[in-house]
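The letters A, B, C and D name the chains in turn, as written, and every chain counts its residues from 1.
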Amino acid sequence: MKYFAGRVGFYLLTLWAAITINFFIPRLIPGNPVDSLIAQRRGEIDSNAIKSLDILFGLDKHQSLLSQYWSYLGQLAHGDLGISFQNFPEPVTSVLGSALPWTLGLIGTTTILAFLIGTLLGVFAGWKRGTWVDGLLPVTTFLSSIPYFWLGLIAVTLFTGVDSWLPSSGGYDPGLVPGWDLGFIGNALRHSILPAATIIISSVGGWLLAMRNMMVTVSAEDYITVAHAKGLSDRRVMTKYAARNALLPSVSGFGMALGLVVGGTFLVEYVFSYPGVGLQLLNAISGHDYPLIQGVFLTVTVAVLAANFLADLAYMALDPRTRKEG
Amino acid sequence: MKFHFRLPGVKVMVGLVLLAVFTFLAFFGSALAPYDPSARSNDILQSPSAKHWFGTTHIGQDIFSQILVGTRSVMFVGFFAGILATVIAVVIGVTSGYLSGWAGEAVSTVSNVFIVIPALPLIVIVTNVIPNSGDWAIAMVIGCTGWAWGARLLRAQTLSLRQRDFVQAARANGESTWRIVGVEILPNLTAIIASSFIGTVMFAVMTEIALAFVGVSGISQWNWGEVLFWAQGQQALAIGAWWWFVPAGLCIALLGTSLALINFGIDEIVNPRLRGAGRTTVRTADGRKARMRFGFTPVLTPSADEGGGR
Amino acid sequence: MSSENVMSAQKSASPQNPASPKSPESTTGQGHPVLEIRGLSVDYGVGPQAVRAVNDVHLTLNRGEVLGLAGESGSGKSTLAYGATRLLPPPGVVTGGSVLYHPDDGDPVDLLRMTPGELRAFRWSQLSIVFQGAMNSLNPVATVAAQLTDVIAEHRPKTAKADRMARAAELLALVGIARDRLDSYPHQLSGGMRQRVMIAMALALEPRVVIMDEPTTALDVVMQRQIMRQLAKLKEQLGFSVIFITHDLSLLVEFSDRIAIMYGGRIVEQAPAVELYDNSLHPYSDGLLHSFPALRGPRRELTGIPGSPPDLRDMPAGCAFQPRCPKAFDPCGGSPPPLVRPASDPGRSVACYLHPSA
Amino acid sequence: MTSEVVLEAEALTKHFPVRARGRAALSRGPKVVHAVDDVSLSLRRGRVTALVGESGSGKSTVARLLAQLYPRTGGDIRIGGVSTAVKGGGRHFKAYARRVQMIFQDPFASLNPVHTVRHHLTRALKIHGRYTGEESLDELLGRVQLTPASLYLEKYPHELSGGQRQRVSIARALAADPEALLADEPVSMLDVSIRLGVLNLLRDLKERLDLAVLYITHDIASARYFADETLVMYAGRMVEGGDSETVTQRPAHPYTHLLVHSAPDPERVRGGPAPYDDEDTGEPPSLIDPPSGCRFHPRCPKAMDVCRARVPERTLVGDAPDHWVACWLFDDEGKGEGKGTDAEAADIETTDIETTDIEISDVEAADVEAAAAEAQAPELEGAAP
């Protein structure tokens, strides 16, 4: 379990780093964003909210940086991320709370799907090296070089329109009230088809290539030759021997790459006006809604860390060497 | 790691040619552009024609010129950020790999933290804070955040090189530490440095375009993302002006593909098992085709002879 | 696949009744062949850049014998074994010859003409291989038990799971490993144990031929001897034949019945072990025997062999050993000498112009 | 044994900390690999001293400690009678390296693949200020019988054969004009037919340059052939030493006995069965938690109670000058408790062997620091897009 403990320590460290970055960035912002907000919303803001914003932005110049940092951490510990400027007077947490399920649903699912599909195809492509399958590589390379958002634009042009069944934007039809009824879920699914397809198509290539290269590398290992010498069926050698080993670096790479992947997928939300965290972030940026920006960044980091944790669990289940006793 | 210089394969050649074209455009794009990319004209929202190869915008700007002129910014940010990130990656990766003990561990942990923290949101936030961020500033920000992956690869490789006998032999000979790192280890990392450089360039290009697309970066210079930003902003999709966003997107994809193709070649240097070993199918004496594969060595001419067989 | 009763714990004597290791029959090379390699040639690569690693090799393995195959790196000894079993990785190709396997009953079959399916059925049940470096020949993510049983499940799909596990435990016992190691992963075993697991695995289906490719090179002498003795005992118990590949001639002299020596892709000498040790005919064999120091007895004079082994891409004309040979004379530069039975001693064979055929 | 002592180690000890895999370096109490414990030896001018042992016995670690590539945990290293401790990279290290040079086992790995022979030799000469132009290179290659030099100078390591590469390594070591040469299994990776050439070259150089040579090997037969004096190591400790002929022909320690009788010996085809043949001779112990007392006792057929309790001291055997052994069978104290005498020790082979469960070594090849490093193959890392 040493491996496990080390990973958890690493997550805590990363979380701390993200929080600290979050602490310093607003302190670099020129001017005083809170003042202008207060000026705008004269009299509408209660003193508690102003205090929390002051902590967030370090506006209380009488405090030392260290004590500012402590109050900041204390505030975070209470789950207070400030209030959103744009969605005034809604607190950032509730804005994020309504956006997060959409992002988790869309990006979480598609990332995992893309990984699974890419890895599966990669197993196949690596095993069948030297056949027609190699011809697919340039195609998938091209597809994965296309920016997500541009593919989204193309998808909107090609598949949506007045008479199309597929909607071009949003997470559900404007008339509907979100809820756990079949009609709404169906509607939401219909809205997610295009963005999901966009993400999957443009990210499958990377996983495919990684897995294919690992399969090719592993295929030359002695234990694969032994497996052939044992007269095992091609299928068994491919799955139980080659793919099983080739998967390990892919899984650990999956966790590491999430930080990159998630950033790219945000733009898909933007293109499709999908009501997730990514859209919130971009809107917040254009509206200079600093508390929300910070909140989004923190949330995303936590989500990526959580996903990393899952990938680690998977890795530990797959590699007996991490389960080392003693 | 042996270096056998061989002619690059078809894939790598295609990649290099594409990259050369884009590099050429980066230098001479503005000179070649038929129009001033920002100049308005009366040809509003025209589809591609002999006069405007890629059509025009809602205020009559020539999109072909925008693409040509925009190449420079894309390539500049890509390569400048790539160089910056690679330099940081080499310094951090190689030192943390060569240093033993907690110092190396600490530096490596820092780079892992940088990998896991979602990069794009961070870059978006930072560039947003910097006032009037131009290409330089954006490249700096991308370079300073995009080094971690390369550092991780280089650290792993340095760790394994450090244990190699030739490094130990140089040490035992009394070679100074900086010479060991600079002269004995670094040349052995060339392929990985090149590969991580190309990877970072790709990342930087994509990031810059994404920033321009969402309107975060300054609007001072044309680049492909800028073109897409206007296309998106003016509802190019809704009005069916496909020419507005197709060329820019294709250029991005082509540039990305060219870099990926070059990286294929580098991967084959780093990992010899990925080399295609020339032909993968052989023709046997009786004219059948046999594939070279693990576990079943092809037989070209089994002797037709003497007993046995079937 | 002769025996239906796979699970029998102790097969006191195998049906073909192996000749005792040092019987005259097996040492003369005239016994009952079980594996016959005829005119085998193996290349790396195809077309103009092809390199011939094994050149027109004839070799016969008799029932119940240990045939030692010695040679230095690049001599083609491993390529010969992997080429004959068609396990050579790309870009290796077999360019000609035949590899005949003689079953107990029925006609011989040619491995080089088998389809992949036939090859799969043949492998391990009739012929198994212990690879060099057990470190890498075990699947790192599967338990010892899984790797021992999957081969039984594949070849004898009807065996019940419990029987397979019982057989796996029995196999481990055969090589002196406790059954609680069944659930271990390879990284939890020492180098010696891993190699013994590989040997146990090779015997899982009681094959008639076992090829061993430097099975003890990575091990210490103490472990090496222990494993070699174990092998000799198992061979007597189960009656398989062994092709033993190594660069260590001193080990072969002690443990094999007959020795074939390879140089530059060809067999240069073949003789019963003791005869080869006492009176080697080929200057290369002679050089090899005078290359390793003796541990006991009088300090023998050591001469070694000048020069370095040939580059397969650039082979000398004629006899490949001629540039390093102290006894080279005119004919050596011409064409490579054929492997013949020398007039002086027809019980062995040598490829050298010093020893013309009868 | 009259010649001058060049390099001397006294009670040399090296413990490697065991670090966890991956990033889990934070937790757990400190565990160490007892790679080398209490090793003393001296290298004399014009003599070859062989250090024989199994892999993992710590013999390579001794060489690296003597080369000061690792800092030692305890003990002393004296060069020309002066105690020295230097750290890599510095001026003092360079001065030390000028006097003590090392040859590595793997000639494929010990030369940098991106540099030519010229680079390797020129650097080696320049570090020690002995570069005097082209002729110094010619002379160096001539010493290792690579002539004409022009044929080799511009070659990259992969263009040379194994034997040529090892000769270049030797030339590089000679560039410093050292007094002591530490050869870590210099021929074990070479083809059998060219080993002898390299060993003879080393012997020749020893004689001509009056070098003190430490010859590390697992092949006890080659120690007999090549070395004047032979030391035997087991599980990090020295167990026997003396004149090579005596140690190999009349081994005193039960472990040396096992080693000698396990070595392949073609002469045996004529003789009777080899000893130990029907017994499980066990495996070397884990060096993380080595056996108490004599480290060989779990495998020793003659183990007595005292062997489990206390570490035996060096004792002179008496059949030849300077033939010593660290074994209770030969110790006066031990004789009281046990029954060991010289005569009895000689027919160990007839004794029953007590087999004991041996703990599996947690760390393979414990004498390599690699075990302590983050041991992930680089090609497996970063396989993500």
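Quick notes
One rule holds for everything that comes next: a residue touches a chain if its C-beta (ideal position, glycine included) is under 8 Å from a C-beta of that chain, and two chains touch if they have at least 3 such contacts.
The structure displayed is predicted, hence computed values, not measured ones.
Contact with subunit B and subunit C alike is made by A, D. Of all chains, A has its CA centroid at the greatest distance from the CA centroid of subunit C.
Judged by contacting C-beta pairs, the busier of the interfaces A-C and C-D is C-D.
Centres computed as Cα averages put subunit A at a distance of 55 Å from subunit C.
Computed from the mean C-alpha positions, the centre of subunit C lies at a distance of 32 Å from the centre of subunit D. In terms of their C-alpha centroids, the spacing between subunit A and subunit D amounts to 53 Å.
Subunit A and subunit B have Cα centroids separated by 22 Å. Listed for subunit A are residues 10, 144, 213, 217, 220, 225, 227-229, 248, 256, 321, 324, each touching two or more other chains. In subunit C, 87, 89, 116, 119 are the positions where the chain touches two or more neighbouring chains simultaneously.
Taken residue by residue, subunit D touches two or more other chains at 23, 25, 379, 381-382, whereas all remaining positions touch fewer.
Contacts from subunit C toward subunit B in the complex involve residues 38-39, 45-47, 49, 82-83, 86-98, 100, 107-110, 112-113, 116, 119. Per the touch definition, subunit A reaches subunit C in the complex via residues 220-223, 225-234, 236, 240-241, 244-245, 248, 318-321, 324. Across the interface of their complex, subunit A is touched by residues 11, 109, 112-113, 115-122, 124-126, 128-129, 131, 149, 152, 202-203, 206, 209-210, 213-216, 228, 231-232, 237, 240, 242, 245-246, 248-249, 252-257, 259-261, 264, 267, 271, 273-274, 276, 280-281, 291-296 of subunit B. Residue ranges of subunit B in contact with subunit C, taken from their complex: 277-280, 282, 292-303, 305-310. On the side of subunit C, the complex with subunit A involves touching residues 85, 87, 89, 116, 119-125, 128-129, 131-133, 136-143, 150-151, 154-155, 185, 187, 201.
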